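Following this line, the structures themselves.
Next, two complexes with chain A in common: one pairs it with chain B, the other with chain C.
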Partner chain A sequence: MTGDDALSRADASSRNARKALARGDRTNARRAAFLALESDPTCELAWLVLAALADPPARRNYLEHILAVNSKSQRAINALKVETGERRMLERAHFVSRGNRSPDGVSAIEDTKPHKSVRTPASIVAKGAPNGVESSAAPITASFVRAKQNLVQDLRVVATSCEMALKHAATDSFIIFAVFVQPLIIALLGLYMLRERGGDYAIFVVVGSGLTGLWSSLLFVSGGALNQERWSGTLESLVGMPTSLEVIVFGKNLAYVTQSLGSMVLAYALASVLFGTPLRIAQPLVFLASIVLTTVSFVCLGLLLAPMFVANPDIRNFVNALEYPMYILAGFLFPIALLPGWTTPLSYVLAPYWAAEALHAASTGTAALSNIALDWGMLLVLGAAYVLIGRWLFRVFLRKARQDATLDFF
Partner chain B sequence: MNAIEVKGLRRVYKATIGVIRRKVKEVEAVDDISFNVAGGELFGLLGPNGAGKTTTVKMLTTLLLPTSGTARVLGYDVVETPGPVRSRIGFIFGGERGLYWRLSGNDNLRYFASLYHVDPDVAHQRIPYLMDMVGLHDRGNEKVEGYSRGMKQRLHIARTLLHDPEVLFLDEPTIGLDPVGARELRQVVRNLQSESKTILLTTHYMFEADSLCDRIAVINHGRIVAMDTPSGLKKNVSDLSVIEIEVFGIPDEMVETLRQRPSVHSVSVENRDQRQALLIHSPLGSEAVPDLLASLNGTRVGKVTVREPTLEDAYVRLVAETG
Partner chain C sequence: MEAARSPMHRLAANIRLFYEGAYLSYVALFTWFAPWTYLASKIIMPLGQILFFTYLGTYATGPGSADFYVIGNAVQLAAISGVYGVTMSIGGDRWSGTLPYLFGSPANRLTIFIGRAAIHVVDGMIGVVIGLGWGALLLGLDMSHTDPLALTLTIVVTAFSTSGLGLMLGSLSLITVNVMFVNNLIYFMLLIFSGSNLDLTKLPAIMQAVSQGIPLTRGIASARLIIAGGSLAEVAPLLVQEVGIGLIYALIGYAMFRWFEIQAKRRGTLDVV
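And now, the complex of A and B:
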């Protein structure tokens, strides 16, 4: 078969696919589109038909594929815009495709007559280019649309991962112990040890023991959760999805860190009972802002830990050794001034140290706002650095896991 | 364009042996396999345990890196561009694992839908539809830990269809299911086939492959030893008939004697409680029976049947020949 033969066969098959699509015969539309692609893998019409047949996520991928082959494909650009609800921007840029809608919402592909704007993505896919309008801005707009769409999808994944992790954790007794019981024991011991010293120390212990809960939760629960995923066979499923694993882990860590804030509330209630009066937080608003930044920076720190669990299932054996050094290096329960000088740089690169500084200062009212602002700045800078390094580690270690076949035990 | 294109694919696993003087042992799980699957085709990978079926599927689903060779799914290289491949495929690995047991069936699907980037409105409509399709509509709010094995495997099918993928990889989807459950699941696969999905199916069950697959590749020791339609594979043994002789306590030497008979191509023995079934491939068909019975002199013989070869016979012959 010559090249021309192949092209004409692809043309005929893709037209058949379009006709089948227009009459609602999805099976034959799909079959004819595949036939067309066998003859000509770049046949745009065939890809458009497949896009029209697919659900939104797959449809977007088809459209992106068309754009990869032909970045000026107006039909693909238009359809992508409709997919993401970018109607107004689309109209401003004069990119709106025009066409009649067939009763089932799928319009005739060859119809190029001017008409009112269409509503369904499938019909946009099926339209011809709008009056030959082309623009150099199209690829830029398409990438903007894609970036925005990716962000929305990632936020959705974070929200769902967080929700499911909370549901899952609610039934796990180990998580309940690590998050609530252990920090309470530490708080109780600390409060009895420092009881004679009065009010400020009590709130210092409450905040410090709460931070131990946050760290233990991050270390055991989020790391352990990935190993649990490996045991239950879901780690492979997660890796085989279009979502990046770090986005899923971010959502899960957010759940674990947020729920462990509850341990701080419990420690506060416990201390209040022991001392007979509610403890006073010196700067409540500053404290609240510090809590938010602490949570975010801990979640980002989790992105550094998780890739190691992905690459090596045996890492859990070393986790115990990491728990107490953080309590000490970050100054959760006593100041790092008590430690030898050479450990100070280590503390400075740990977001939990700056979190402890900010929270202790805000709760006891012992530092100026400018000092606390420095803590906040460091939390943000370190959090961003953890995300960047974490993403790189995920890429490296996921590749290693795919190389070493360690995504599943079986 | 083919939906799946595999060329010279290899995968070597490395294992260390010993404690002090460690040695690295290499195991060739998949050894230079090549095949294409057309769009809308249901392609079967048949082979014994350890033949390399799951390793092949894991490479095609981007979960394992090949040692060498290339594989493309819908035109995308599984190593270079795993992202586009992942959003276009669905996969299940047989068994109960791979689900969140402490979450409900609906929550599992809702979670996976978000990971597949399915629009929440679409997922809201699609999840009840899929739960209905796999017969779980009335159990969707129950935790998965309370599901039977068959229900979990059907939930897997629903999970893999959430994003309406073009290509499906089903690795032994009916393993461990009771006959009714397996039949229901095969019906689901048939329905998917009628929607022109491209499906790569691995299975141990010959009748399953025979009844479902458009084409089959028989894989053994990591190599494809035959690739054809089910009827084409059966033609490999069409020159032979299968003589099944039921015996009671046959000694190994007698089986060996049978193998030496000129009318016998191959002999395999199946244990069935107190009895054994001798499955003898012979080009002579029923004419060979008197000679065979004479060779079994002294052994108690039960039922004797002569039949046409099945896909299983073709498979056994292929696997036996490639040892």
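And now, the complex of A and C:
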């Protein structure tokens, strides 16, 4: 049999497979697809039919294989989008797999043209995933495409979660207290207490009390948000969604932490209006950059806290006890040099400490940029560490909660 | 029937009502008999507050002033039980849907009302003792010149007066949905106005006036005097005034409690939450 004969036989068999799939004859569709692959292991249409017939995990392997052979296969890319997309997309994929005519599904396997390759069907079918040495760039491209799609999807979830959290926060008096009123009272106390120190005490208090708002918000509101879901009976639904829970929590944390930055603005207004203190931020741009990094690191820290709320609803009884220790160890309103020496390492592993260092230095202009850069670096490093540990904790605690069937316990 | 109406039986029934109401409201409210919850709410959180404000205060005015902040915050801890505990004990009936049954019962209202606060007075006293204990243990609070009897009396009186405030707030919680907002606001305002962290004489006149009209202010001042070596006679006027303020708040609270009951029955809004 010549190469051209094999290709034409593969072409005919794959078209038969597609027709069988379209009329719902799954057995003959699978048989014809395998027949096509015997003649041409790279027959794209045959692989697409097998992908349409497969369950989701195997379907992804088939599609990734097509991309490994032909990284520009638009139908495979589209189908992979379906595979990794949201529920609507998944339903379409399911529609195709059942052999019904779906506009997207059918278009994904139409007008195919075989591609040549030296890969054997045995190796492909046995491993169910691309393994070709000769097309090493293709898996990288496929991974990149998949990563990009996942990122876009996650960002969309973060934005939605953030928007919903902000709407909820606007009507919740407890959140309003934690985010705005409490930091304002602490600012008032701080302004009276530190007045005798003179110097830049006012801006120091404004920044410090704002940071207390960020922490209290993260602790009570972000942490409580998951318990709120539990009480509303929606936590199980969130956990069961294709999007990972930490992405949703990230969006919530982002909303609450960003919102609580408003407490700093209020404290600023309080200090300048009530106390008539001239307030000046010594390094505005550096301060702004510090604010951004502070926000990111606080949100990441929230990812470390949230899994604990998933694991144990009783942790809410403990959050009251965690509020002041952070105020103290992070040096929000007084330097940690006042504390016993053994507490210093504890401060160093807390991103809020580095945030306070950077913000106080930028607002009062008491540190060189190199020192602030170190604070920024620590914020980034600790933020990344919190994310990694948080992801691990999410995985462990969610698995345990599923095994023990305690997700809806409160 | 005659026997059931006798004064002795009525007294016995009220005592039973008082005891059961006090005990059950305490157990049901905070589940503080769970060791970890109690540890967090009553031991670690107060320690955090004392440490934070003491370090902040000494940063502002030097290490010599630590006792001022330790005592102020330790006594102020009575408000955890007085404000949060008492308020939630009364307001909790509304949220758990038992208020209609309570108001539908023939039980003596004053007994029910006072019973809700009683155990929180004891709990508040324990909170203050724990706070002072932390101060002595970790922050070098010197209590060697303290008159124990006078200090005990001060703690009892302060816990009582803050519970009076709590009774008033509890009655208010029967008509507001933002009870925790109010509680949190009052608790934090007490940190400013009670003098636990500020020298009241340096505050503006209007703030000083507010300070004189709330519980805790005199209790904290009295505790500071006693721990510095003062006698009971010296602080007696302060304690009498503190009791008076507590009574005024409690009476206002009781009047509100009865008025809300009458209004709610009239309008059919007892179970509106």
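Everything that follows uses one rule, which is that the second predicted complex is superposed on the first by the 262 of 410 C-alpha atoms of A that agree within 3 Å, B and C clash if a C-alpha of one lies under 4 Å from a C-alpha of the other, contacts with A are read in each partner's own complex, and residues count from 1 in each chain.
One rule holds in what follows: contacts are C-beta pairs under 8 Å (C-beta built on N, C-alpha and C of every residue); 3 or more make two chains touch, one makes a residue touch a chain.
Computed from a prediction, not measured in an experiment: that's the story for all the values here.
When chain A is checked against chain B and against chain C, the one touching more of its residues turns out to be B. Using the contact criterion defined above for the overlaid structures, shared-chain residue A:G190 touches chain C, although it does not reach chain B. Judged by the touch definition given at the top, the superposed model places A:K167 against chain B, while chain C stays out of reach. In the overlay built on the shared chain, the residue A:S272 is in contact with neither chain B nor chain C.
Of the two partner chains placed around the shared chain by superposition, neither chain B nor chain C is touched by A:T406. Looking at the shared chain after the overlay, A:S8 reaches neither chain B nor chain C. In the superposition on chain A, A:R156 contacts chain B only, with no contact to chain C.
By the document's definition of touching, of the two partners only chain B reaches A:P41; chain C does not. By the touch criterion defined above, A:Y327 lies against chain C but remains apart from chain B after alignment on the C-alpha atoms of chain A. Shared interface residues of chain A, touching chain B in one complex and chain C in the other, do not exist. By the touch criterion given at the top, residues 26-27, 30-31, 33-35, 37-38, 41, 50, 54-58, 60-61, 64-65, 153, 156-157, 159-161, 164, 167-168, 171-172, 232-234, 236-243, 248, 399, 402-403, 405, 407, 410 of chain A touch chain B in their complex. The part of chain B that touches chain A in the complex is made up of residues 1-3, 13, 38-40, 58, 61-65, 75, 83-84, 86-88, 91, 93, 95, 97-103, 107, 110-112, 114-120, 122, 126, 159, 163-166, 194-196.
Chain A contributes residues 173-174, 176-177, 181-182, 185-186, 188-190, 192-197, 314, 317-318, 320-321, 323-325, 327-328, 333-335, 338-339 to its touches with chain C in the complex. Those residues of chain C that touch chain A in the complex are listed here as 34, 36-37, 39-41, 44-45, 48-49, 51-52, 55-61, 178, 180-181, 184-185, 188-189, 191-192, 197-198, 202-203.
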